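A, B, C and D are the chain letters, set down in written order, and residue numbers restart from 1 in every chain.
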Amino acid sequence: MPNVDMSVTLAGVNLKNPVVVASGTFGFGREYNQFYDLGELGGICAKGLTLHRREGNPAPRIAETPMGILNSVGLQNPGVDAFIEEELPFLRQFDTKVIANISGNTPEEYGVMCEKLSGAGVDMIEVNISCPNVKAGGLAYGTRPELAAEVTKVAKAHAGKTPVMVKLSPNVTDITEIAKAVADAGADALSLINTLRGMRIDVNTGRPILKMNTGGLSGPAVLPVAVRMVWEVSCALPGMPILGMGGVSKGEDAAQLMLAGASAVAVGTALFADPYAPISVRDGLEQIAARKGLSKVSELTGGVKPW
Amino acid sequence: MPNVDMSVTLAGVNLKNPVVVASGTFGFGREYNQFYDLGELGGICAKGLTLHRREGNPAPRIAETPMGILNSVGLQNPGVDAFIEEELPFLRQFDTKVIANISGNTPEEYGVMCEKLSGAGVDMIEVNISCPNVKAGGLAYGTRPELAAEVTKVAKAHAGKTPVMVKLSPNVTDITEIAKAVADAGADALSLINTLRGMRIDVNTGRPILKMNTGGLSGPAVLPVAVRMVWEVSCALPGMPILGMGGVSKGEDAAQLMLAGASAVAVGTALFADPYAPISVRDGLEQIAARKGLSKVSELTGGVKPW
Amino acid sequence: MKVERKCKIVSKDWLNRDAVYMVLEVGDMVRTSWKGPGQFVHVKCGDSLLLRRPISVCSCMEEEPEDTLAIVFEVRGEGTQWLANRPAGHSVDVMGLLGNGFTMKPEGRYLLVGGGIGVPPMLGCAQYTAGKSTAIVGFRSKEKAILLDRLEKECAKVLTATDDGSLGCHGFVDALVRQELSEDKNYDAVLACGPKPMLRNVAKVAQEFGVPCQVSMEERMGCGVGACLVCACDMKDGSRKHVCKDGPVFDSKEVDWDA
Amino acid sequence: MKVERKCKIVSKDWLNRDAVYMVLEVGDMVRTSWKGPGQFVHVKCGDSLLLRRPISVCSCMEEEPEDTLAIVFEVRGEGTQWLANRPAGHSVDVMGLLGNGFTMKPEGRYLLVGGGIGVPPMLGCAQYTAGKSTAIVGFRSKEKAILLDRLEKECAKVLTATDDGSLGCHGFVDALVRQELSEDKNYDAVLACGPKPMLRNVAKVAQEFGVPCQVSMEERMGCGVGACLVCACDMKDGSRKHVCKDGPVFDSKEVDWDA
């Protein structure tokens, strides 16, 4: 293997490689640490946190679709304090970056969580304004520029020196509009895409498979939408660091997102088929960079040559 | 096979079965007529027409994605007059309904085309306000309620007794908002979904595969999005006839869309893998209806039982 | 150390028109992660299906050079159909052993209750208590009955019920459970696996008789290891636990049966 | 009547590290839809790829009970890899014969120009004119050369060029075409298949010498039959024709080589 420098920088945070795991698909790392050392990863986006413990939505919470899945977990989590006390120390043992992911019902809640997490020393805070599974808040923030900007401002004001990355919803007419609003409000980075809203019906029973009727679509099916949106946002906001995600399951997928403008990528759904997916994505990416004769994988970022 | 009445009604037009072929994937029928009698189909949505002949976009115009494809044909067509003179008489030979699909640069163009097509006696006009491949017009109409309503009004005013079905774009924050605007403006039916915008990059060359950089995503990958949107629209507009499409490749997929609220379904991308797809979708649907003990396939429509 | 590995299919036999008995070579999976009967494996069923399929371990054995493991599954949809089509000699991608099994002692005496495709893990429980336990198994009809001969070998007694009366008692297993518990007060616990309505009824009967009861629950899964939180099971205390990690076996008193 | 059918792989041979020669039993496909050398088939490559792959007919024969057809393809990506892995005896889903072949007469004398994986259809053209035509074929290197022995049998003369000089002339085929056309004025036409830059150069040379030239074009395809309009080829007159239906063979003068 030729020598490719795999490190990248995302909003000033140095990642040893560009492959991060996506929030909500990796819990707080304990489970996959049984498969490999978490230090293999560029970073870990922890399961989405709320101010208080939440039990999430009733099951079934998952349905399979062609090359995709729908989920309606609904932010089950122990709350931000329990995360800081019980999970963060565990994650801190590993040589990887810890990115906390937060969802609030009000801008104030985002502020409180940012303060706590920044104080606790997470490496970055990912502000989820786009979770489609929570009735109050969540999605609305992600689809309205002025609300997205407000949440971003409050988060930034309370995050101290901890970089704030805002996670965008793909369920919008124009993602660049939200991206710009959030950037103007001071976001240090953007992450995209969260899940597309979808539905599956069991034709035998006439019932939606998910108890919440609809859920968020992720997995390879959404990759072309993710690539397009990363490209649009990176064109609209040159220089804005982007964590790209949506359907990455191999090195080539990650390379597409990086060429489209992402500085790093997250792997989510692919974990369910293959717990080692982030490792093989990283290795595949390294091979692609080597084949292209790059000395640093970061040279892929934004390298697409549109016609 | 138990006796299931396969006929359905869509905006007052009787279809012998609920399976229509999707605009742009079936040309004007000549090619697939080499495989089977077009009279097997419930209806044919012809390739999208414009007022004047168009050559469309440069190639490559297609890219493969996980369980989906991207296209950027860009409405290549001979123009509405040539359709009426050369293609409609051919289509009229078959015992099936002919649905003309139109795209205009201005509301007036839609009006002119409706007048011509209504005069020529097509069974229905599908007004495409959502083609993502045309720079002027197209997409903008489909993403802004007031413009969508205006186009609908003009189309209705010029379509005489020919029912007008408006085709919606999925690239919007809230599809019910557009659906309502179009319904209020007098649409006789809605068809959805058109393609989702996506992109694929060749990582070896760094070039987007499509010469237009981005294109429209269709095929099984989008089915869950289509089911969700059909369900949302049918909840928001009870009684509004819907032609559901997006990723249908088997009877079960069609049944999902019908349960979600569609009166009929269109099959597009599935044709490329299997020219007989519409036939097997129809047969699969019939079997599902029979298994459920229905005497009419139309009883599926809107039958979903949300939790 | 959890594992995911390609496992060779040693044998595949059809038990009836829908159910397959499959033996796999699983490396050191049993040696390293066995916790008791009732765990499951998470099986990749072809390239075109994203999600793995959870299947209970029926029985398993530490062996050299490769541990072996038997699963029994019914063809329900695309995934199980794919798996059923794999011939012996081919390999499948398996994650395991996952979850927690039944809490039991080899010297214990249990009333094992299985319904339909919930019967296979009960065979593992029977083997574990070598001849001391009693099995009560229910099927839709005689044609659906599976593993009866093997259960006979591993149990003190086997009672059978069918919904249509074509084999054993006419009716559901909970009636037999009631009968057995009223006749025999010496069971350490009732262990049950089967459809949720059956589990609820069995749990109720066990509670009436004051016998501890453990149930193996089903839920649609993603990761299978506790990371994605999709496989929620509603608990009496209002919390939601996860079938893949906290279960699949739960104390029946903890489960919210009204959810 | 166009057809789509499951076709049995009669044989599969590797011509070099990347190229496969595959013979298929295609029912009455040749009898019912053969129009001349240069047509193509549209092959389904596994369940997980939505789009079929277009492959030129190399040679074909009307036979009883099943016509046979040979294709030669290079492994480029997932689809061709899948196809290359199919063993003889298996079946593949084929649509064909599609498109229009070269316009030629059996009694004609043609200069057949093939580049790389564009060589196979030239073998069909050579067979059609039984020994009268000349073939000029180019490859990247000696290791990439294919079908030379068979061309030798079917042609009056075969000239070879390689980019690296490891076989035949060092350089590109257009130099050989120029040489041949200046030495021999009796070709009815130049027929060419290969990468677009090669076709452009060959077309230019043919035009210089006033010899008609037909070229087989490639474009990404959907339906393969002319319905979806994705496989556009830019024409000199500003129109866009379709490779699958109007082509793949076009008169070189009609093509817009600057597009």
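Rule of thumb we're sticking to: contacts are C-beta pairs under 8 Å (C-beta built on N, C-alpha and C of every residue); 3 or more make two chains touch, one makes a residue touch a chain.
From a predicted model like this one, the values you see are computed outputs, not experimental measurements.
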**Message:** Using C-alpha centres only, name the chain that sits farthest from chain A.
**Reply:** D
**Message:** On a C-alpha centroid basis, what's the spacing between chain B and chain C, in Å?
**Reply:** 47
**Item:** Centre-to-centre distance between chain D and chain C (centres being mean Cα positions), rounded to whole Å
**Value:** 57
**Prompt:** Between chain A and chain B, what is the gap in Å from one C-alpha centre to the other?
**Reply:** 34
**Request:** Name the residues of chain D that each touch 2 or more other chains.
**Result:** 48
**Request:** Send over the residues of chain A in touch with two or more other chains.
**Result:** 63, 67-68, 219-220
**Request:** Answer with line, ring, star, complete or other to describe the graph linking chains that touch.
**Result:** ring
**Item:** Pairs of chains found to touch, sorted by chain label
**Value:** A-B, A-C, B-D, C-D
**Message:** Please output the residues of chain B touching chain A within their complex, sorted ascending.
**Reply:** 63, 65-68, 70, 143, 171-174, 196-201, 203-208, 211-214, 217, 219-225, 227-228, 231, 247, 252, 255-256, 259-260, 288, 291-292, 303-307
**Message:** With touch defined as at the start, can you tell me which chain C residues reach chain A in the complex?
**Reply:** 1-4, 44, 48-52, 95, 219-234, 238-240, 245, 259
**Asked** In the complex of these two chains, what residues of chain D are touching chain C?
**Response** 47-48
**Prompt:** So in the complex, which bits of chain B are touching chain D?
**Reply:** 24-27, 30-32, 34-35, 47, 55-64, 67-69, 71, 73, 76, 209, 219-220, 269, 271-276
